[in-house]
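A single structure is presented below for examination.
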Amino acid sequence: MLPIDSTKKLSFTRCIRDGDLVIVYERYDNMKAIEVCDGSVLENRFGVFKHSDWVGKQFGSKVFSTKGGFVYLLAPTPELWTLVLSHRTQILYIADISFVIMFLEIVPGCLVLESGTGSGSLTTSLARAVAPKGHVYTFDFHEQRAVSAREDFEKTGLSNLVTVGVRDIQGEGFPDELSGMADSVFLDLPQPWLAIPSAGKMLKQDGILCSFSPCIEQVERASETMRSSFTDIRTFEILLRTYEVREGKLDDFQGDEAASLGSLPRKRRQRSNEGSNVRETTGPPTVMARPCSEAKGHTGYLTFARLKCLS
Amino acid sequence: MLPIDSTKKLSFTRCIRDGDLVIVYERYDNMKAIEVCDGSVLENRFGVFKHSDWVGKQFGSKVFSTKGGFVYLLAPTPELWTLVLSHRTQILYIADISFVIMFLEIVPGCLVLESGTGSGSLTTSLARAVAPKGHVYTFDFHEQRAVSAREDFEKTGLSNLVTVGVRDIQGEGFPDELSGMADSVFLDLPQPWLAIPSAGKMLKQDGILCSFSPCIEQVERASETMRSSFTDIRTFEILLRTYEVREGKLDDFQGDEAASLGSLPRKRRQRSNEGSNVRETTGPPTVMARPCSEAKGHTGYLTFARLKCLS
Amino acid sequence: MSANKPQSDLFESLRSTWEGCSVLLDINDGDRLVFARLSAGATLKIGNKNCSLQPLLGCPFGSFFRVENGTQGPYLSRYTPSTEGNNVLEKGDGQSIDELRDNRALVDNNKAQSLTGEDINEMRRLGATGDEIVEALIANSATFEKKTVFSQQKKYAPIVLLRRPFTRSICEAYLKKYPTRIGFLRMDTLSLLLSMANVSANSDVLVVDMVGGLLTGAVAERLGGTGYVCNTYIGGSPYPMDIARIFNFGDEICKRIVRSPLTDLFSVQNGLQKPVSQDSDSCNMESQSNDRISSPVSMEEVSLASENVITDLIPESTSSPVIKMSKPAKLGEKAPQEIISSWKEHGFSCLIIAAPELDTWSLVKEIFPLMSNSAPFAIYHQYLQPLATCMHNLQLGKMAIGMQISEPWLREYQVLPSRTHPCMRMNAFGGYILSGTKISPN
Amino acid sequence: MSANKPQSDLFESLRSTWEGCSVLLDINDGDRLVFARLSAGATLKIGNKNCSLQPLLGCPFGSFFRVENGTQGPYLSRYTPSTEGNNVLEKGDGQSIDELRDNRALVDNNKAQSLTGEDINEMRRLGATGDEIVEALIANSATFEKKTVFSQQKKYAPIVLLRRPFTRSICEAYLKKYPTRIGFLRMDTLSLLLSMANVSANSDVLVVDMVGGLLTGAVAERLGGTGYVCNTYIGGSPYPMDIARIFNFGDEICKRIVRSPLTDLFSVQNGLQKPVSQDSDSCNMESQSNDRISSPVSMEEVSLASENVITDLIPESTSSPVIKMSKPAKLGEKAPQEIISSWKEHGFSCLIIAAPELDTWSLVKEIFPLMSNSAPFAIYHQYLQPLATCMHNLQLGKMAIGMQISEPWLREYQVLPSRTHPCMRMNAFGGYILSGTKISPN
């Protein structure tokens, strides 16, 4: 997924090879991660796609099925991966992920701790941020989830950047051998206050902690716990609103030449520009955008804090 | 302020008279309520305005000072009043006010209780909503604030619709004589839970209560108290985002005819359309709007609840 | 014409239902919402059985009923619920936190959270309605608030809550079920329109209501049988105002709701330089549209739950024949000439436009002269650009001051011990409003 | 050309300052923010006295200093603060509520809340900057969070906190003090641009950075001395990238920041049908712009407090002469021809545009062919329409898929016992982003 090996970097000359992970894009709402395997086929509602047809094509190409349907083959990125990964738990999405990485000041070479691993959505972006030489230690309470996560990181080529541990961080804290090693720690736990003292031990001086919680009571209790050894405690919430774009224009009821004021029954104008006879108007532009009304109303609160520098 | 008397209604034939309350509008950010008094003058940075010049003009007229400056004279409305009233306390603004009135289902004829009166910003809108035959009983802990509020309602012509009482509603509850009379009750108190049982007594069956609080802990405690005798408990927050409108267009760097790609140093185009030589472009429209970045981030939480119908 | 004469205030102290009154039936705590007009013969289909609504007559608003089985079949019986309605799982020590995030307790299960925020976005892109998304959410999420054991039980013992329809509940119900019929107008946005336009008793309010009559009804509710709301329209056919019939308006209020083609509001003698209507066949069209308007919409169902939760509740959207006997008062008659003349003389007190399909400026520049000077106006639109253009042109023409484009942002919260957070699902867009005050042209 | 060869990772384990390093000095808990480059001779004016920054050399980031008076005058002395920094007024029983609303305790005073939300709106209309509004808020509100007795005291004993500048703090400081210099780019929006464009080690990132170098610096921080960030520009003069110099970049990172006029990224032999630059005097212009670019901006002050709170702290915005000796590594050199050739052969890995003054589509249609296929892109703008038009045209031209226009909404909270609520002041607009993935043209 990451161009750690420069031969895997996107390029006009880099073609899809046997064994590559590709994102098969049907529509915005329908994508799938597939490992290219010479003898295999992909079968979906658009027909049967032979993997062998894909080899030698550039990423970003449109490929056709035996019956003429098509999909696009995209190079995987952490953002696309978040859309296709298997949901073992509730996952973090791009807005929270992006904000966490910037606020935790994670840059190449950092050592980052995470609990819990969950579906690995954030982990993938953490790995990208610390690459090529940093490392992410991520822990999950569930053995099974850790195993699945390791398989995913193998598939996405991130295993050199990520170590998945099975551990009850709320109960046991992070492993002692990581003490004082972490640049940043991220907690997504139901009772983060139980893990905060251990997180403090793991952090280098001036290191940053983030705790993600859906309920304000968790935030209050976590903040309270942070106050003893952290400073700059700040809580944020981030949401994304998306916009719909449509072509068309509004009825300018005066457009009908010489018609008296609205004497004709109203008819909705055609919303397309395809006609040969499109008039210039002073009205709104033909491409219009407005916010989508349905949206995620809340994901969680992000509470950040910096370890006090007492030395 | 309200056209309770139809001779005071806005009309092409209704002129400003001696004794009328007018809103003197200098700019969006500068308005003032003034009672027209034949011999008086208004003096501001635009000069001296004689009230006698105003009499006989329509509301909405531009009037000039002796040195040629001008202001507009507007008919007062609860919304304009909110912008000019004297702030004795933190006040409620239009978004919260509008939502409260709709959610409390206040219509003409209702009897509404409010505590505290504060600066009377909400009270004025409540009076409009119950007019012409309903009534608002509003209470404030401070004698002095109640006196000022009464003076204001006298000035705005609402005294027949509003009764201001001095009372510690948190400590004593609403007066017994209003028991079972209220269609709706509004609380803006630091410890609303103390007043909620009394509010319940005041409400008619199926009546609605609203409590406004800035902190979530107040909301939690108020909601907890409401659960015993109220139903449909819902908490909302409402904010307004405003937009700036500007005229201008973005640089379409290809507009320079036959120029090679960007070979000329960039210059900002004039943002005005006034030139005689404006070309058609496919670019964005000349009037553009975007959200203002500075905004009120929080006013308070509005918690509504309906008295359970147990009879 | 809209003097302050005595009115019969329908809103005063009518806290119980009466023959012919319009009610909102909230079935199973919001799962299904039905607007109905009560009569001795009216029935509501619950499951595959018709229950008479007769037991609801004379009961106070806020009463609960449940379906019981009698010798004559199922019937609605009034009862007093215990406090289970609030359904709170209390834990005092603050330790018990939203199960949602407790990874230690959550068993791996791809289905548990199979519908995500991104999924919702994607459904939206595919053109799913808000309602379909809600249903998908309920069907897919193990943690969706409504999906409790209690709600599962309700389908075997449906509970009917008797509510009085007000602007708020009508708006909220339509937004959930038929958002396009009301132009996606959200209740907070509607409340702002009413405030910003200073709708108050005795006002003469001019509205362009292309939101099904919701705006007209909301204004009439505020006028309470005083003043007038004039629903004006472009062209030969009035815009539908069926939704205004759902409000519980009596005669006094209904007759204050009138309509008029925009052309009729202008005339040669008023000096406003507008052509008279060239509509030679307007009489003919009137009668047509009159027919359309007066078709009774006496029961309107707004079902909010997913199919699988209330499979035994089959929507009943046709009205029973008897209901026609308790037909509501007529509203939306053509404005009489003398009223129109009075408006010409005095001007309207304010203007509200909710016409999501029309270009705002084209409309405003025609309609603006009808308002009295100093009259406030409020214009709703789904797109920003038409309002920006309109505001700019009004500024250039020195036609209005104090203008502002604003967008309300509304958020609902779940407030429960140790589990307080903003609702996970939100309506992220309430539209835009241009507000301001008309000034004297010279 | 951007192979994975060993780099000296400046970000690794450098937790203390060094000669020539760039630091962020946070004075009095955010009241004043100063970016400075440390050297033995660098000074900071506090009050009307210059304090040497020498004591900061070699200290760990996160250290506190305060001004003490020595025989030679005031000097900065390191100390360990007690816990007063968090300044919490604890009350355990939940009874003590925000004084803000306790009307019973509040004395009538028109001045107490003299600046209101509407006032802020009005200031905005008058063209007040965010900063002026902040200052007005502090000056006017009795309840403004920072205005505690503690903060009042600080002006007599200023506390300096030593911070390492990262994208986040640089962005946050500029947004507060000079929002127009960074095109109002908010830190959350910037973080989304970096994610959506998949900026990762070894990438070749093409940027159009008309936000003062903030974007270029943010990308370079993520690249950590691998790959390249190519800052391209239209016309003869590179866009300023002074802000990129505030980052603590060493040579390895600086040399990965290059610039190139857009025309140079096309050529006849690459088959992209673009004219060669007709810029005959480009050499001359280069040298000019080079001069402009390399002017050291070694100390930049971002003061966040109102004048009356820190009247004794006079802004020091000129650099001391000695600082020139510890000039930062050069960055933003012209891209060498062999690198440009490599980009032509391979295409850029991704594209980020933050050009609030340019029409998006005009720019994108030119620049798009330079990206490799399957490359993600993210475009920031202050206006929605240019992005909508661009998205529409990219769709029509079948040039990209997975497109979305999104707007982030960020809210900060005050979390204190019994006084938890969203911050009363918020930045309500973070701009819009168009993101998507380029597809193969055939």
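Before moving on, here are some points about what is shown:
Labels for the chains are A, B, C and D, by order of writing; each one numbers its residues from 1.
Here is the rule we go by: contacts are C-beta pairs under 8 Å (C-beta built on N, C-alpha and C of every residue); 3 or more make two chains touch, one makes a residue touch a chain.
Remember, predicted model here, so these are calculated numbers, not experimental data.
For the pair chain C and chain D, chains touching both partners: A, B.
With every chain reduced to the mean of its CA atoms, the largest distance from chain C is reached by D. Rounded to whole angstrom, the centroid-to-centroid distance between chain A and chain D, based on C-alpha atoms, equals 23 Å. Inter-chain spacing, taken between the CA centroids of chain A and chain B, is 42 Å.
Inter-chain spacing, taken between the CA centroids of chain A and chain C, is 38 Å. Multi-chain contact residues, meaning those touching two or more other chains, occur in chain C at positions 121, 384-385, 389, 404, 411-412, 417, 420.
Among the residues of chain B, those touching two or more other chains are numbered 28, 216, 237, 241-242, 284-285, 288, 291, 301.
Considering their complex, residues 2-6, 9-14, 25, 28, 57-62, 72-75, 77-80, 94-95, 97-99, 101-103, 105, 107-110, 125, 128-129, 131-133, 204-206, 216, 219-220, 223-224, 227-228, 231, 233-243, 245, 247, 285, 287-289, 291, 301, 303, 306-311 of chain B touch chain C. Here chain D touches chain A in the complex through residues 2-4, 9, 11-12, 15, 60-64, 80, 83, 85-86, 88, 164, 166-168, 187-188, 190-192, 194-196, 198, 200-204, 221-227, 345-347, 349, 372-376, 384-385, 387-389, 391-392, 401-402, 404-413, 415, 417, 420, 432, 437-440, going by the rule given at the top.
By the touch criterion stated above, chain A contacts chain C in their complex at residues 27-30, 82-83, 86-91, 93, 116, 118, 140-142, 144-145, 148, 168, 170, 188-191, 213-218, 221, 237, 241-242, 244, 249-254, 260-266, 268, 283-285, 288, 290-301. The touching residues of chain C, when paired with chain A in their complex, are 94-95, 97-98, 100-104, 106, 108, 110, 113-114, 116-126, 130, 133, 179, 184, 233-237, 261-263, 266, 274-275, 277-279, 357-363, 366, 382-386, 389, 411-412, 417-429.
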